[in-house]
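For reference, the structures are reproduced in the following blocks.
Here chain A shows up in two complexes: once beside chain B, once beside chain C.
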Partner chain A sequence: MAGDTQQTGSEYIQHHLTNLTFGHTEHGWGFAHNAEQAKEMGFMAINVDSLGWSIGLGLVFALLFRWAAKRASAGIPTGWQNFVEMMVEFVDGTVKDSFHGRNPWIAPMALTIFVWVFLMNTMDLIPVDVVPYLMGLAGVHFQKIVPSTDPNVTLGMALAVFVMIIYYSIKVKGIGGFLGELSLQPFSAKNPVVQAIFVPINLALELVGLLAKPFSLGLRLFGNMYAGEMIFILIAMMYGAGWILGTFGGVLQLGWAIFHILVITLQAFIFMVLTVVYLSMAHEDH
Partner chain B sequence: MELIMIAAAIMVGFGALGAAVGMGLLGGKLLEGTARQPELGPMLQGKMFLLAGLIDAIPMIGVGIGMYLIFAVAPGVAA
Partner chain C sequence: MNINLTLFGQLISFLFFIWFCKKFVWTAIISAMEERQKKIADGLDAADRASRDLELAQEKATEQLKEAKHEAAAIIEQANKRASQIVDEAKQQAKTEGDRLKTAAQAEIDQEVNRAKEELRKRVATLALAGAEKILQANIDENVNRELVDNLAAQL
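What follows is the complex of A and B.
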């Protein structure tokens, strides 16, 4: 970072947007040295940084909450225990409001989604150049610290939610119920011939609705975080433009970071609420 | 390649137009509801933030894809 020639703006942005990808190229397995090589690696490339940060944060969440649960004592609740209790009660309340089936598995999953996505998003608040500079010293030149700005991560989570929707729909409504819900929904008629005409129209409508759920769920988080990080990068570019613009950039960074705190919590909350609502719709048995 | 700029601008522009109108209406209705029944203020505000996040989704997806177009699909054009 420091040694090379004067970077153009687009190179700086490009540098902050390339993942650390590990994949197969003609030189065999290895890390990509630039964006083009990463693109060549194609589908089977692994974004090591997104995986590393997201799994690491998932572990942080799991271990910290388990530690709180282990040491929970009614007598002398510690500050951390109060915080964890507050989070659990908050999520439990939201799930109770919006989930109408009976499934003991939903609330813990909702808590996991909320805290994990929140942790992943808060990595965005770390100033743009700090971690890449430190990682640069350690020899890692390309790195994206916020896992949720990687479409693979957000669409991957949305895909998991989609699989859950299908699984629970079939489990609660049965295959017939689920397919019936797709094919008989908006238009139905007594006369079988007319009904047969309606089925493809219904299927088209319902399938679009069904596929829109995971797609919008994943892309909503990606769009918000990617746009947020892009603005942080653009602000960070102002630091290199002399004292006046630099200090103005600092003020902008502070303002945008404070607003971004709202965006981060809101997006994590919406991801959780929509997952619970989709699963609640999957559990409805007519 | 320069058309990508126009494409991204259209995506972001129209998305923002819709969201701005939606947010304006949402805010107005929140104020009306709170004025009509002040004790429901906090609950309405909670719902308003949830809906603001949902309204924000589509333009943000547009912004996300628009910036993806600019910086990832055609990196050279931005400079």
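What follows is the complex of A and C.
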């Protein structure tokens, strides 16, 4: 907590923004004890908290929806099943609106993205100190419970989307068609010499466009959630500054949390829709 | 904030959850929903059909009722006609019978009258003869007189 451990404000923030990282240190394999150590571990390390919460929430999604799917019948749906069917119908409608190809994987993927990202974002609403404090009592020093504030998580998903874009582009259009799409537009000419000059220009433009898709996808979610988390942390700092500021902080936190309900839903929806749109573009043959 | 293996951990778990969702969640729910949609559509169809049937049956019943009324009216009319016919016939018969009786009575009367006339004629003849006999007090040729009187009687 902010007040009782004589942390400065920046230390408090830094602490909240450090993942529980498992990797190789000079003392062998283990958890990093501070942010610098985590940085030194380089690429061969795992953010145990991000991945743990992320997979845990994924399992929550999988099991809850599996439960409803098991009981799904043509009879009268009740309670949870109703909700799941509502979600399925909503996602199905959104996918049908923006995806015009025939691919049975797109809709389940969209549902997975929407619910999973929503659940990950929802962790943002838990007061920032609760889980890290409890974990601290158990001897774990770092804990970031919102997986979508970890760029590894959002970019990991975006990377998967990127892989799917490449895969379906090649599957639908063939290697030649895909490369042609990358190199023969937007500029083209009848004259072969001029066309040869245009090819590298086109390639540069299209590659940037192609790479921008997963990057913007991953960074948009990360940026929004990170900023939201940061504001929660800043508000939480007020609790250590006397009861007037503390009360004010409480009001602020409530307000921001209510506003954030909109943000987390919107971001989950945007991630889903953009993924569907990108894959729809990958399916379109010119 | 460091990019590390978490990236691939997330990538793989993402693909796994997509697979799980497609395999164990999506298909089951969508097929159940489609089945239910079909069932509801069928149910609505059946209800439509039933109400149409009901309408048809009502129409038919009304028609039958009308027909029955019609028929009943026709039967009553026929009966009335028949009754009046019977009455007419009876009247006619009665009249004929009456006429016949009248004619017969008339004939009898005529006959009776004739017979009475005949009788009278005979009696008159005889009476006249007797009267004449008494008046003349003479023995007249009965045969000649008789012829005379008979001619007289025939002229009566």
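We take it that the second predicted complex is superposed on the first by the 277 of 286 C-alpha atoms of A that agree within 3 Å, B and C clash if a C-alpha of one lies under 4 Å from a C-alpha of the other, contacts with A are read in each partner's own complex, and residues count from 1 in each chain.
The definition used in the following text is that contacts are C-beta pairs under 8 Å (C-beta built on N, C-alpha and C of every residue); 3 or more make two chains touch, one makes a residue touch a chain.
Bear in mind that the values here come from a model prediction, so they are computed numbers and not experimental data.
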Simultaneous placement of chain C and chain B on chain A, clash or fit: fit
Contacts of A:Pro108 with chain B and chain C, given as first, second, both or neither: second
Which superposed partner A:Gly242 touches (first chain B, second chain C, both, neither): neither
Chain B versus chain C as contact partner of A:Ser216, first or second or both or neither: first
First (chain B), second (chain C), both or neither touched by A:Ile270: first
Chain C versus chain B, contacts on chain A by residue: C
Partner chain in contact with A:Met230 - chain B first, chain C second, else both or neither: first
First, second, both or neither for A:Leu17, with chain B first and chain C second: both
Shortest CA-CA distance in Å separating chain B from chain C in the superposed model: 7
Overlapping contact positions on chain A, where the chain C interface meets the chain B interface: 17
In the complex with chain A, residue positions of chain B that touch it: 49-50, 52-54, 56-58, 60-65, 67-68, 71-72, 75-76, 78-79
Chain B-touching residues of chain A, taken from the complex the two chains share: 8-11, 13-14, 17, 35, 216, 219-220, 222-224, 226-227, 230, 266-267, 269-270, 273
Chain C - residues contacting chain A, complex: 1-11, 13-18, 20-22, 24-26, 28-33, 35-36, 38-39
Of chain A, residues touching chain C in the complex: 17, 19, 21, 23, 38-39, 41-47, 50-51, 54-55, 58, 61-62, 65-66, 68-70, 72-75, 77, 84-85, 88-89, 92, 104-105, 107-109, 111-112, 116, 147, 150-153, 155-157, 159-160, 163
